[in-house]
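Here it is, the structure in full.
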Amino acid sequence: MNLQYSGEERIPVSPDVVWAFVTDPDKVGHCMPEVIDVTVQDPTHVEAVVQVAVGPVRGKFKLKVELQPDPARRRIDLKISGGGFGSAVDMTAGADVVDAGDGTTILKWSGQAVARGPVAAVGGRVLDAQAQKLITQAFGNVRQQLSLAT
Amino acid sequence: MKVNVTVNGVAYEREVEARTLLAYFLREECGLTGTHVGCDTSSCGCCVVVLDSDKAVKSCSMFAAQADGHQVLTVEGLANGGTLHPLQQAFWDQHGLQCGYCTPGMLLTSIILLKHNPNPSESDIREGLAGNLCRCTGYQNIVKAVQQAAGTLGVQV
Amino acid sequence: MSTEPKSAGCLGVAMKRKEDPRFIQGKGHYVDDISMPGMLFLSLVRSPYPHAEIKSIDISEAMQVPGVKAVITGKDLEAAGLGWLPTFHGLDKQMVLAIGKVLFQYQEVAAVFAETRAAAVDGAEAVQVDYAPLPVVADPFTAKTDEVILRPDRENKTNHIYHWEVGDKDKTATALANSPKRIKERIWFQRCHPAPLEPCGCVAHFDSMGRLQFYVTSQAPHVYRTALAIVTGIPEDKIHVVSPDLGGGFGNKVPVYPGYVCAIVGALKIGRPVKWIETRTENLTSTGFARDYHMDVEIGATADGRLTALHVATTADHGAFDAAADPTKYPAGMFGVVTGSYDFPVAHAEVDAYFTNKAPGGIAYRCSFRVTEASYAIERAMDILADELAIDPVELRRKNFVRKEQFPYPSVLGFTYDSGDYQKTLDVTLEKIGYQALLKEQVEKRARGELMGIGFSTFTEVVGAGPSKHFDILGIKMFDSAEIRIHPTGSGIVRTGTKSQGQGHETTWAQIVGEELGLDPQNIMVEEGDTDTAPYGLGTYASRSTPVAGAAIAMAARRVREKARKVAAHMLEVGEADVEWKDYKFQVKGVPAKSVTMKEVAFAAYTNMAQNEPGLEASYYYDPPNMTFPSGAYVAVVDIDRETGEVKVRRFLAVDDCGTIINPLVVEGQIHGGLTEGFAIAFMQEIQYDKEGNNLNTNFTDYLIPTSLETPAWETGKTVTPSPHHPIGAKGVGESPNVGSPAAFVNAVIDALSPLGVRHIDMPITRDKVWRAIRQAEVLTT
Amino acid sequence: MIPAAFTYLRAHTSDEAFAHLQQYGAEARVLAGGQSLIPAMRFRLARPAVLVDINASSDLNVLRVNGNALAVGAIARDSDIERAPWITDRRWSLIRDVSRVVADPVVRQMGTVVGSLCHNDPAGDWTAASLAARAEVTVRGKDGARDVKIDDFLVDSFTTAVGEGEMALGVHFPVADDRTAGAYQKVERKVGDFATAAAAVQLSLNADGTIREAGVALSAAGPCAVRVDEAEQMLRGQRPSAELIRAAGDAASRRSAPQADLRGSVEYKKNLAGVLVVRALRQALSRLGVQA
């Protein structure tokens, strides 16, 4: 089960503020949708426990997130591996912090998720739509939390 | 929790976890191992029992708690005394079984099938048994067995 | 099947099965029905990753789960010298629980023992395993590049397991080059799974005498006892294997699985009985799969359809470990039967097997050791050749059949076919199906643009492994055995080294004894599966039971008869030489009125045996001189819905020749069951792995078992060409329908689509594939 | 294979059930047929803390025509419809077709229509049929029961208008006039499989033979069952003809947005949606004695 996603978020703050936000493990951890618990290990590693709830499927997923910032290209790559329901999900997501020129920022993101085990086998039909929503929601949270900050 | 089920006319009262599936309640609490388990997706039907003598149900997709206060018929309750039920006799006569693992479910599904459709055509029977899988017989002799029990074997219905 | 019961004999009698009464009353006795006081339940933790290093296994949380007693991992087993299990093929070994890394998705990683079934699953869920994913090798062609070496534990660092070949490589190449006509096609027999309705499982228990009581779903209990003695070091006399009633096997219950070893280790370590029953998902994802042979088939022929040469090069996907349970000398099983029913002057077959990140196995699902792959390859290729030569596929087969007078026929790939009458069998099929009328109907339908297909498969099988000079498993020769004891009142018991999973041995073995000794089969008890009582045998698979154990029973019965003759001579007061066995009783030569029945002799054997040794029993260990070669002529008639791609099987006729038939009812039941499996394989079934090594068919929602509604009605017929070397002329038959039918189904579909120029579609032939083939053809023609 | 632990509560009336749901909210799930929920629990994908069993709530065991609607209570089984004496009336032919192809003949004896609607599987049968028949679901919330049009009830995959702590009491299919018939055409790889594609149609004719009302919906063609508005508009007011039916089928193909999976590619399923709408329309019309 290999799923690709992409999208864009327009954020009403400067690129520097956005860059500082997306490279802060604690902030990134809290952007995970339905997050219950965030523990930062080091500047580039954070663990987040998220609640998954789609129809009958309810339960917790433990996500290990590794941040790979590339300051030169203002690009942040995230390697996310999650376990739960006896299954595993490995996601990669990358976002470019693009200066929109008018003091605001465009966050262009793309992601890929590979699900394995019972979640993929049985929940597969649930999963694709749900993973798409989760990743879109995560980057939506980035915009939302940054908009609040101003 | 306390669960009280009448199985083949005998009352069984047991203290079990709520998550106990009816199939395992029958097999492990009541010691009636004629009900079998063959899959984990409610597909195979070898766990079928009859509920309140009017419904065939997959006992792996029902909790014992749901059967509290109800009647269950399993394969062990089909023959009375020494005489076989006509369906049991028919499965034997028509070589409607080989390994025997699907047979209990096939028999009980057929009981309800015939109750609601006393003289089914061959396609009625094939449609009615489509919730019960068999890996050995290829179904042909099972269909003939149900026809024999319904008295429609060889009759163009 | 007409069943004319013989006067007094028991062969050929459609006797109702003696084992049915317990099954129809829910009194069958399967492994999961067993429970013992203090019994623990075992649940296995399995890897979601197809290829990954195991960084750590944390069992602390699992040990806190209420009811959990113990958790063991690969390291614990390795410390106890049980980390690896020799595979039946003997050239490789298999991890019991993953050590260092996992090599296929759903591989066993840890074993959790708990008081209840539920607690064991709760415990398994609480085990935390930290995986570091590694690159995945999801097919044998990628494996061939050796870019990623899967098995660093093996001596030579390559994914290539073995190269096997038979036949004359150069002469075949030359003959092919010089053949006026030639076809070449890659034919893939997809990975599928036998999925018996009862999953695998066991109960392991060390009794008060320290003896291992091991109840297990095994088709070969004696081989298990010997293998377990070798692996665990427990003396073989201290191991008692009991294989009770089995809910189907189809080859799935031949390999020894990690769950069995964990149950035994748990029972030993914790000192309580342990029950392990796998779920359907575990069965489909981790136990013995079948096939997965990519076969490049090349046939040469003259313009008028005389076969000149055959070359088959196979790339085989064996999964993470080479656990294909083939006889030692035959890494590619009986694939050499790929010349089929045809008299090829020269042929060459080769197989290269590779490791991949998939479950281990390969020999299962009624395959007679790869005969299913070989038969599918030749019967599919013959239709492609017929299409190339624009000859009726029936004519092409008829022109190249091995003729009746050529038997015993030495095939160019090393078999000696014992007997057959392919022409006659095909004639019965053509007549019964009404071939000429079907051809006429097809012409009319094609004129109206309707898609109707007729497909044949005239296969030959090789079953009954096998002669000791060639066949062994773990070094144990593949004989089989029978012990017969007749009681004073004329009833008796026969014990054999086989183990039925639904094939009706309790009836057919009794019929052989009844036939040989003139006794009533209703009073001949049959016992199999208990290694403390049954004589040593190699078990039931590859249609070997009747050819080998059936022969042993007949020979043992004849020894009983020779003993009985001495007592009869005493009773008839004549010399032994004057007594003859005729019409199921002993007669004085020339004085038929003076006779005694076996029942009377049996009583005398205990009460009036004079100087003879008392009692009436004998045993026989039968080493077959050759395999047996059953054959058949199958035909399928299909209609295709152009808009939905649905293939409707309108008719299917199977005419089989398995030599002398013991019980026509039982044989017909085997044919119905095998055809239904062939139908499922041809249209519905595949164990598919995606590029990331994910198994996509892990339960009965995605691995499809046909129901009574999709399954066609089966028509059957028979011809009888006895096996010359078998005591009662019988051949194996259980696997013929699964061997012969897939090609008939596919040939019929391709025949229906041939006006559109479609030449081949790999199984399973789904609606999407058919619809796409029709669309592509329409694009070309418009 | 064995579900996670939970607390079992048996509700003897829908009021009792509703009270439990209000108390436990998101932690509770309703157990009616259980034929989708229990397998999900056995795979531990679903882990409700509380199960509210409504099988004993006899006030929900409703299956009767009252006034202008067929009322189907929350524990009315698929097989109750299959066996109902009035089901052979052609106005119920869509409902009858569906009741004979949902899941398999044993699962249908426990499975419920309302449960299937609340589960809202993308390849569900009752969801598509309810769209074509323009059904309404009665949902009980804090401020009493409300009737929700099926179009508004089906929100997204496995997501409906039933909020936390709320429950669906029943579904109502409007009683059509006697110049009404429907059909359900479903392609499945085997009995018990999710639909590869499926089309639900229901047509009501005027006295002059033109189409007064048309319901056309697809299953397995998007996140949840989908109404083919373009086809409905095309059909309304027209006289049935082969071209009209084919145009409606093409509209359905365009509207279908399926997922590729083991059952088939997107291209195959989209085409199949159109084929099945055409066949369903022809079958419905033939039931009305109209050949087109």
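For clarity, chains are labelled A, B, C and D in written order, and residue numbers in each chain start from 1.
One rule holds in what follows: a residue touches a chain if its C-beta (ideal position, glycine included) is under 8 Å from a C-beta of that chain, and two chains touch if they have at least 3 such contacts.
Here the structure is a predicted model, which means the values were calculated and not measured.
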Touch-network distance, subunit A to subunit D, counted in steps
1
Busiest interface, counting C-beta pairs, is B-C
Per the centroid of Cα atoms for each chain, what is the distance between subunit B and subunit C, given in Å?
29
Take the average of all CA coordinates in subunit C, do the same for subunit D, and state the distance between these two points in whole angstrom.
44
Chain centre separation (subunit A, subunit B; CA means) in Å
50
Subunit D, residues touching no fewer than two other chains:
1-2, 4-5, 41, 43-44, 104, 191-192, 194
Which subunit A residues reach two or more other chains?
86, 118, 122
Contacts with two or more other chains, residues of subunit C listed in rising order
117-118, 125, 279, 281, 696, 699, 701-702, 705, 707, 709
Every chain pair in contact, whichever chains are involved:
A-C, A-D, B-C, B-D, C-D
Enumerate the contact residues on subunit B facing subunit D in the complex.
1, 17-19, 21, 40-43, 45, 48, 55-58, 60-63, 65-66, 68, 109, 112-113, 116, 127-132
Contact residues on subunit D for subunit C in the complex?
1-2, 4-5, 44, 104, 187, 189-194, 196, 262-265, 268, 271-272, 275
Can you list the residues on subunit C that touch subunit A in the complex?
46, 48-50, 105-106, 124-125, 128, 131, 133, 281, 690-692, 694-696, 698-699, 701-702
Complex contact set, residues of subunit C against subunit D:
117-118, 121-122, 125, 279, 643-646, 684, 688, 696-697, 701-702, 704-707, 709-710, 766-768, 771-772
Report the residues of subunit D in contact with subunit B in the complex, numbered from low to high.
1-8, 10, 31, 34-35, 38-39, 41-43, 51, 53, 55, 77, 79, 83, 100, 103-107, 109-110, 191-192
